[in-house]
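Read from first to last, the chains carry the letters A, B, C, D and E; within each, the first residue is number 1.
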Amino acid sequence: MFDTAPTHAPLVQMCDIHKNFGGVVAVDDVSVDLYPGEVVGVLGHNGAGKSCLMRMLSGAMSLSSGEILVNGEKADLKTPQDAKTFGIETIYQTLALADHLDAAANLFLGRELKTRFGNLDETRMHAEAKAALVQLNPNFKNLKDPVSRLSGGQRQVIAIARAIYFQAKVLIMDEPTAALGPSETAMVADLTLRLKKDGIGIFLISHDMHDVFDLCDRVMVMNKGRNVGTFKIEDVNKDDILSLIIKGTLPDDWTPRGETS
Amino acid sequence: MFDTAPTHAPLVQMCDIHKNFGGVVAVDDVSVDLYPGEVVGVLGHNGAGKSCLMRMLSGAMSLSSGEILVNGEKADLKTPQDAKTFGIETIYQTLALADHLDAAANLFLGRELKTRFGNLDETRMHAEAKAALVQLNPNFKNLKDPVSRLSGGQRQVIAIARAIYFQAKVLIMDEPTAALGPSETAMVADLTLRLKKDGIGIFLISHDMHDVFDLCDRVMVMNKGRNVGTFKIEDVNKDDILSLIIKGTLPDDWTPRGETS
Amino acid sequence: GEIAVIVKTTNSSFWQNVNKGATAAIEGHAEHTMTFNGPASESAINDQVALVENAINRGVAGIVLAPSDPESLAPVVKRAYESGIPVAIIDSALAEGNDQYYQTFLSTDNCAAGQQAAAMMIEDAGSTGKVAVMSYVAGVGSEVGRVGCFVEYLSENSDIEVVGPFYSQSQMATALNQTTDILAANGDLIGIFGANEPTAIGMGRAIEQAGKAGQLTAIGFDGNVDLQDMVKSGVLLATAVQGSFQMGELGVNAIADILAGNSVTDFIDTGVVMVTKENIDTPVAQNVLY
Amino acid sequence: MSDTELKAKLRFLPTGSALHKLSALITLLLLILAFSIMSSAFFSVNNGLTVLLQTSVIGLLAIGMTMVIITGGIDLSVGSVLALSGVVTGLLMKAGLPVMPAMALGVVTGGVCGFLNGLVITKMRITPFVATLGMMMIARGVALQLTGAAPISRLGETFGWLGNGALFRVVEMQANGFPKVIFPGIPYPAILLLIMALFGAYLLQRRQIGRHIFSVGSNEEAARLSGVNVDRTKIWAYTASGALAGLSGMVLMSRLVTVQPNEGVMYELDAIAASVIGGASLMGGVGSVSGSMIGAFIIGVLRNGLNMAGTSAFIQQVIIGVVVIGAVYLDQIRNRK
Amino acid sequence: MSDTELKAKLRFLPTGSALHKLSALITLLLLILAFSIMSSAFFSVNNGLTVLLQTSVIGLLAIGMTMVIITGGIDLSVGSVLALSGVVTGLLMKAGLPVMPAMALGVVTGGVCGFLNGLVITKMRITPFVATLGMMMIARGVALQLTGAAPISRLGETFGWLGNGALFRVVEMQANGFPKVIFPGIPYPAILLLIMALFGAYLLQRRQIGRHIFSVGSNEEAARLSGVNVDRTKIWAYTASGALAGLSGMVLMSRLVTVQPNEGVMYELDAIAASVIGGASLMGGVGSVSGSMIGAFIIGVLRNGLNMAGTSAFIQQVIIGVVVIGAVYLDQIRNRK
């Protein structure tokens, strides 16, 4: 449905993005881009600035300076709503669920389905929500419980379902599997590959090297707010990445693995 | 400092523990024990009841029925305070940090150090906190910021530091590395082994099979609230465990791996 | 039957003194009982309407009412009339055009009382300079007459400049603070008027505490022991005291008379006495003091 | 599908909010029973209608208050806004406007005050408690200043119609010249309350704005990240609360047939108590109009019943305090099970 | 280490709470400047002392209120508790008790009311708003019932000592037989306020109980899981608030030299406003005694200054409303930077 050739114009370009909180520099002039049908891993130590960078693309945080282009045009993402109109959906690290509402209400929050009288169409929202959730977790039961009563993993599944339901063009996943069990994690991996095949561009923040190597086309590593390198996944191995994450530099003897091998 | 022989009397025995919320059975007659110097992995799908089971041992949740013995004697763990007096410390999945306080205040919360006039001994608490945190994350800086301003991983480090600082006899870790970067994760693994060597008994909830196989002596698998099997780690492999987690049963052809190999 | 005495508020010694009068009167009428009630404050008019409605619903024999507002209480008084319940109005008037719905009216003429206080003010303090007016709740029936006529009389009969009015909401501490500030801001004040009990007491305390007793003409209103003490010590030149006991007593008696089939006069002036150091021990004054 | 529908209805009432209302309802019934035993006049058609009438003002306020409380806010200004709306209507009528447009503009005044509350809360980021506390003082001060604190009287028969009129009223003239009321009629304020309560419940449960109100109160940040326009939702709720305060001002002043700039002091506390007794949580995310109506009637019945029973005004206060706590407690124990 | 110590002092004042106080302080100074220009009598030693005296009651209430607000609660009962404490003292004195023990028991009465608030909130799990709203009605009702709503007068000279006495007071006898005040002295209530404020700040910043109060308000569940005795902490805070309300009752009634059972209505709003202007957050976890004192003085100066300037009582209300919102807003903009 979208252009699937990753050689085309980038879906998203983030240019010289800077964010500071008073004196604390969280993101330090970072540039990164994303093409359709591509998964870009965003890696880094705790507090490296990964979430902040992505929140700026989600419209959830304002930029201190820099520029974001979507489909080559400057996009002013002031609110999450703005980002959503550009087709940018996000799975937040904090999940961002309204505790007193049930799964369906959360899934459709802000984009409720309505009957032709403008009333909420509960029946349809529930049916759709059920379908979406069962894809990710076949035995998802407590569909009508307020989400505050669900386990950490169940909540994560709702947050994921919400982001993919609305046919994103760009998907940001901030540690989507951190709280998930093995089967759920596998399902998220499957899902990622399926979305990628549909031409969606994905930013994946993860601390799990296996996920990163299984899913990503490129990786971008952050260290203390700076982008310390962006690589095709073939060009690096686990140790290279760990070195970047921890020390902020590649091993001294590094040459692109893709070429040497 | 403790008796390190895992053959002795169990440190903790949880017998026929049951917990339901109205009609929802979260934990269904589960029994499990823990010996000094042993790491027992608690595994299961999302919503299996792992956190609930452990919260009952932490004194954070009341039992519907069942009995908990510590050092062979019945322990009535009504409050987290009770559990702490038995030397049971917990790293909660939700971290349980007071957002407006800084790292040191959180670390010593409820057990503040005082000067001889009974005033808070800020200087000593800070020094101790710094020492404890730097062990886990050498470049932990924002020591005086309220923890609400820290990144997910930084917060996790504080929660871990708090649990180990007070010389626990029993340590419960509920997905302690979920939010951690690779170097922090490695440090937690080191730490776990060090504590184990000191004779501390550890319950480790984790979804990460590598951690489980690297660190655990035994694993207990929960499925839909029930204990579907407790095994020495030598007797099972990854696929056995995944089968237990997902289906609740071992593969049909299973025999204890430790014996066959 | 039950005679319901409904006043503007139960929270003040003035109204509690009405209660005492009513209680004393009911002793004389074994065939009747008396209930005493009122809202939490004199400005809670809607609550007073509800109290009257409830009394009508429970079929009381008669009502003694001190209306917090002349118009707002008229519909319920009419309802009482429609239910055949006799009503005696006390303290404050009901709006014109409602005379047929109640049987008698007992009151101090608040306007006249205000004028008397003003006359005394001019007499003692002179007819030029500043006089501060410390009022209680803006706009309630007795306040409109009392403070309104006080101010009007001053402006018509002297060159006195009025400072205020300030409203204490019938809170003594508020009156104390306000008076303290007014005294500090207007060193040249020649007189001050405190228009009801808590206000006058707070005002008197402020004068004592500022060390200004005797330096200006202070006149109060109502007559509990604190005010009597202030009159005796000279902090207040005078205090205007209404026959509150009489309002309760005569009001209940009037209803009992009507119920017994007797006729009653349609207006009884319960009077006001300007109590001063000179007359405080006389029977006229002792009769109204409480 | 009817089971689903039923459940859908209850979904915003977590931890058994059906129970919530049930326990409030039980409190209400117990009170009615107790008062009926204590006073024969209490349990009569006449008095029932009086209670309806007396509760309508608090009831109207409680509808708006409930919406505000569900967003996690509070509106302390309703009592003052009620007075200011009445003053505006009174002044407009004195200026020659007929009663209907004057009352409509009175309600609009309330809405404007609420809208300003909403702006201050969202755009200036002032906590609702402080913002509406400020509005409480400002609206009261303006109402008193505009009138010089004096009531506005002689607004004419028609002004009293909304507050004192009744549907199906039957009056008969007696031989002795006294009229006799056969059936006092259903008071217009009670009918108005019913309509507004149903409409409020519909908005909260069936419309997007209601869903957004719940989400904002449940987790404001999550609502924002989900694309809910948090500011607009809050402004909506405060405007509704203000407009309902204006409407209740019309009812109250019309009942008094006079505009009283001093009226409505502390009404906010009654409205808040009604909402909370009815199960609304001051933490936000929880509440219902039907619950708040039960809460309002608990307070109304209590006031009326204690008066009927001839309880001293002071003891009344103590009893109301105890019942408010008791009603919320009863609910707590039910929930804990 | 002094840098560390300074920082340690500020650590509970997040998002730049030093700024918080700074902006409140600026508001206060601006007010003082404005009033000094408007009225020459305002900026004088005498009037300064008067402001101190007038603010002491709200100031004392604000200390306790701040503690309660930091736990994430609220105490609406302080105005009524103040009155009840005064009544108890007055009755005990009438019964023959000397002033000191009678006043001590008055403060204890306040403490007991606060303790009951704490019990209802923690053991019956009633939200603070409702629990203290109930206590507000109950304490007021009891105070009125005990006295039959009449003031208790003629309590003797000594009763007025606390409220009207002053340190370093210089009085001279005039020729006309009336005394003249040369230097009014530093009022005892102001000294009492200073002592209590310092003590309150010490408890909050330097003692375990203070740390626990912050933690409970910041994240109650986290505090509980960390082994903080949440219930005991809350009960402590409400008891302190009640006792301080009792103490302020002593000051107020002593100033009046009369016990007034209906005194203190709506004082809770002033106390809350003072805390919030001073930077306390009604969400809990944030606040300071020093900030609340500045807040109390903003309100006190405003009332005094507007009176001095002869502003109409109604316009005063409007202005106070605007300043309360404005002070909090000023703070907001500073914080956002």
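We take it that a contact is a pair of C-beta atoms (placed from the backbone, for glycine too) under 8 Å apart; a residue touches a chain by one contact, two chains touch by 3 or more.
What you are looking at is a predicted structure, and each value in this text was computed from that prediction instead of being measured.
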item: Joint neighbours of chain E and chain B, given as chain labels; value: none
item: Set of chains whose contacts include both chain D and chain A; value: none
item: Gap in Å, rounded to a whole number, between the CA centres of chain B and chain A; value: 29
item: Chain centre separation in whole Å, for chain D relative to chain B (CA means); value: 50
item: Whole-Å gap separating chain C and chain E, where each centre is the average of the chain's CA atoms; value: 33
item: Interchain centroid distance [CA atoms averaged], chain A/chain C, Å; value: 74
item: Touching two or more other chains - residues of chain C; value: 10, 138, 167
item: Shared interface positions of chain E, touching two or more other chains; value: 144, 149, 313-314
item: Inter-chain touch pairs (all); value: A-B, A-D, B-E, C-D, C-E, D-E
item: Chain D contact footprint on chain C (complex, rising order); value: 2, 10, 35-41, 43-46, 49-51, 53-55, 57-59, 69-72, 74-75, 81-84, 95, 137-140, 144, 167
item: Interface residues, chain D side, partner chain C - complex; value: 39, 41-42, 44, 46-47, 50, 53-54, 57, 144, 147-151, 153-154, 160, 164, 171, 178-181, 252, 255-258, 260-263, 265-266, 303-304, 307-308, 310, 312-314, 317
item: Residues of chain C defined as touching chain E within the complex; value: 10-13, 15-16, 138, 163, 165-167, 169-173, 176-178, 180-182, 184-185, 187, 198, 201-202, 205, 209-211, 213-215, 224-226, 229
item: Residues of chain A that touch chain B when the two form their complex; value: 21, 24, 44-48, 51, 93, 137, 142, 149-154, 156-157, 175, 178-185, 207-209, 242, 245-246
item: Contacting residues of chain D [partner chain A, same complex]; value: 1, 4-5, 7-8, 11-12, 14, 206-208, 210-212, 214-215, 217-219, 221-229, 285-286
